[in-house]
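First chain A sits with chain B, and in the next complex the same chain sits with chain C.
Moving on to the complex of A and B:
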């Protein structure tokens, strides 16, 4: 087995290249060697952040992100019981309820944001797609941040409906609203009263981290 | 000069009397006629679809139109998928037909005349041609090779296939290209004047340059050949930062396929596009949909449209579009502002 530092490096490379088999094998070796699960997740998170930055620079493309996210999820399934044993899960950076608005089932962007948030240490409640405004508001009771995605201009009004319903439910002040998706813009986010707009997953995670009192990395 | 002459003159690189306007509005006309999406697109009501297309052409002075109310799901049901039709929204694919790849083995026919809503769509093109065809260019809106494959398989699954099951991805793109060729022939028969290859997932906004070269370009070459057999020019519209030096060769590859026009979307510099490729192809493009046309306000739409015209109209060979297709719930006042600006500022001076 490579030394621990090399193993972390190989794990990061496995995530970046979307090699789930190598990622799982390397994680098993690290766990067997007594490496904390939190360190394994940190390595994977750094790899996803690095890949996200390269995606922003048009150096890698959607298929690269999709396979990396898949590898991340598969390794996380292996590591998750160890995290729980360490008691690390409850020490998350914050709780995010994430979904694609009603009338919209394009969930690639949402799925990538979910992976990036988990990689950054957030506990994510995935509401799925085609989510009605009322469901977002229900979830707000257990979340610090609502992440709302829309991939079609015709479904964007649901975002404003969520903000309105949050105000009516007196949950607006305790819940940050983060919006994103291809047709969404910073101007639109301001107009509907959202707290922030993520042009992509990396920007969204940066905002979420800043809201939780951490500097964006 | 008719709108059709104006558009085709610009598409051939020439100078018409003013910059042609082509909004490629796929569902916007439904708003103008107060029609439900489910009513028109669900069972496909050709008469209502024609009404919507004509209303949009007249309201916005368009020189070219897509000859039907179009949605990405037109091929989906025929192959066993499911499309939802929100009453006032845009149809969307709720279940991709080849989400289970094994279902590819069950494909029997790609003939549009036998497939789902397509017979009614073809009839719509015929009726639009009858009503507008003397004055307005009719565009056959056809999805690009990878774009259609993403619709039929689900884009997330196709993206995974590209990396882990490349043979399957290639098979899906092959099928998608064959479907596109069939659509070219059927819509040419219905009176289309050009083929518009709508290819949101065919550029570096989605796939890598390698996948573009290996999958999109061979497919585009076949679509162009099918269009040429029908004497139709082709406009290509993939998404990505094509004026970025790293991706410019992707435009050259598309031009080498024999397309007449290239529509540049978000993140592209129209003046640079004109400088780089204006002598080889018609440049199409205009205001950004998510950043300008949807949020407005009207003053910003006017300012950005004027800037696009100043940068790209030159002495011809330019068509004003939005950065991508337009759909219902786009504020009509914003589109009016774009069109009014084009009509006022897009005039070519005689002898210029």
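Moving on to the complex of A and C:
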């Protein structure tokens, strides 16, 4: 068996290449050797962060992210009982409810954000397109973060409406609001009282991770 | 004596034109502006034709298509589609690869709403085709696979089972070829291949080259053989696949605002027809008529090196765009014929 450091390195490589079998085998070995489940998760998270950075540089592409996320998920299923035994209650990094306030055929961006969030270990509730403000607020009860995308400037006011309704429902303090989409800007996000703006999928995931107390890497 | 081709077709063929042709990619916005229910217009030949014919009368574009609808083909292949009042259709029930394979092998191009589109092409050809070139859309191979399987499902297949991904893309190209033939028979003189699902970091240049490129090349060749002009439309940032798009034997490219015209020209050369690339949202929908005119004129330096340029929106005109900006776009080429 490789030493622990090598095993972590092989695990990271298995995640990056989407090799589920190797990822599971390496995690089993690490667990057998007494490595804490949280360290295994940390290794995988670092691998996903590295992959996200390479995606931003056009060095890897969506299929690579997908298979890496699949491998991540498979290993998480193995590690989850150990995490719980360690007292790390939630296996996911956080819960994100994600939707487009009004739809057209351009919801590819939202789909990529969803994939990247799941790849980073978030549990994502996809609310779909044409989501009314009230639906976002309903979902806020089960989410740490609301991810709101607008594809048209005329629908951007719905984002502000969500923030207002969250305040009225006394959910604003417990829910982070992340906005994005072609016509949206950081200035607009600040103006409506959102917590953050993601210029692209990777930036959005970095923000979400920092809000979950991990710090953007 | 053969008739002079319409301006947009002439530009695509590299023939002399009196001015730069203009093509806002008008879709469901035409229904809204004509006071027609958008959902009804997606499904009804007469309503969609009336909406698009009214838009041709109002704005005088050089090229008109039916509505851009990436759900019609997946629906005809068995995917479930949902409708929301005031908006368009959306695929809500994806297929599994094996289901898509069987459906594509059957190659039934008359299912669900597909006949609506060829009939709209036929009706538009009759009503406005003498002054405005009438085109038709078909989904590109990878966009059809992605629409039917879901973006994630298609991306997963690309890595897990590249042979199956390639087989589906090839069959999808064959399906598009049959749709294109129907559209040309109905009167389409331009066929735009919609392939947004290769851009924005979705596919690598290698994936594009091995899985998607062969189907697009064959599709374009067939469209030319049927007697129409093929155009490949990729909205969003073409980024790393731009060199692959530029290496498709001079196939006309329609690009969106994140892809600078200068870069396309540099990659594809002056003989490749180019359409683009006004920002549909920030210019057509949010901008003023003056801003639209300025944006159109801003295309001049970038497009100056192209012998075959059509001023177009980078994608379909957003539903809520005002008529004033559409009019400004179409007028800009009349007022500045050479841009």
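Convention: the second predicted complex is superposed on the first by the 122 of 217 C-alpha atoms of A that agree within 3 Å, B and C clash if a C-alpha of one lies under 4 Å from a C-alpha of the other, contacts with A are read in each partner's own complex, and residues count from 1 in each chain.
Operating definition for what follows: contacts are C-beta pairs under 8 Å (C-beta built on N, C-alpha and C of every residue); 3 or more make two chains touch, one makes a residue touch a chain.
What you see is a predicted model; the values in this text were computed from it and never measured.
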Partner chain(s) touched by A:115 [first = chain B, second = chain C, both, neither]: second
Touching partner for A:58 - first (chain B), second (chain C), both, neither: both
Chain B versus chain C as contact partner of A:188, first or second or both or neither: first
Touching partner for A:36 - first (chain B), second (chain C), both, neither: neither
Which of chain B and chain C A:18 touches, first, second, both or neither: both
Chain B versus chain C as contact partner of A:132, first or second or both or neither: neither
Overlap of the chain B and chain C footprints on chain A, listed as residue numbers: 18, 58, 60-64, 66-67, 70, 103-106, 108, 111, 152-154, 182-183
Chain C partner contacts - residues on chain A that touch it in the complex: 18, 55, 58, 60-67, 70, 102-106, 108-109, 111-112, 114-115, 128-130, 151-154, 182-183
Chain B residues touching chain A - in the complex, by the definition given at the top: 84, 86, 88-90, 92-94, 155-156, 159-160, 162-164, 204, 206-208, 211, 240-241, 244, 246-247, 289-291, 294-295, 327-330
Chain B contact footprint on chain A (complex, rising order): 18, 58, 60-64, 66-67, 70, 103-108, 111, 152-157, 182-185, 187-188, 191
In the complex, chain C residues that touch chain A: 68-70, 84, 87-88, 90, 92, 150-152, 155-156, 158-160, 196-197, 200-204, 207, 235-236, 239-240, 281-282, 285-286, 315-316, 318-320
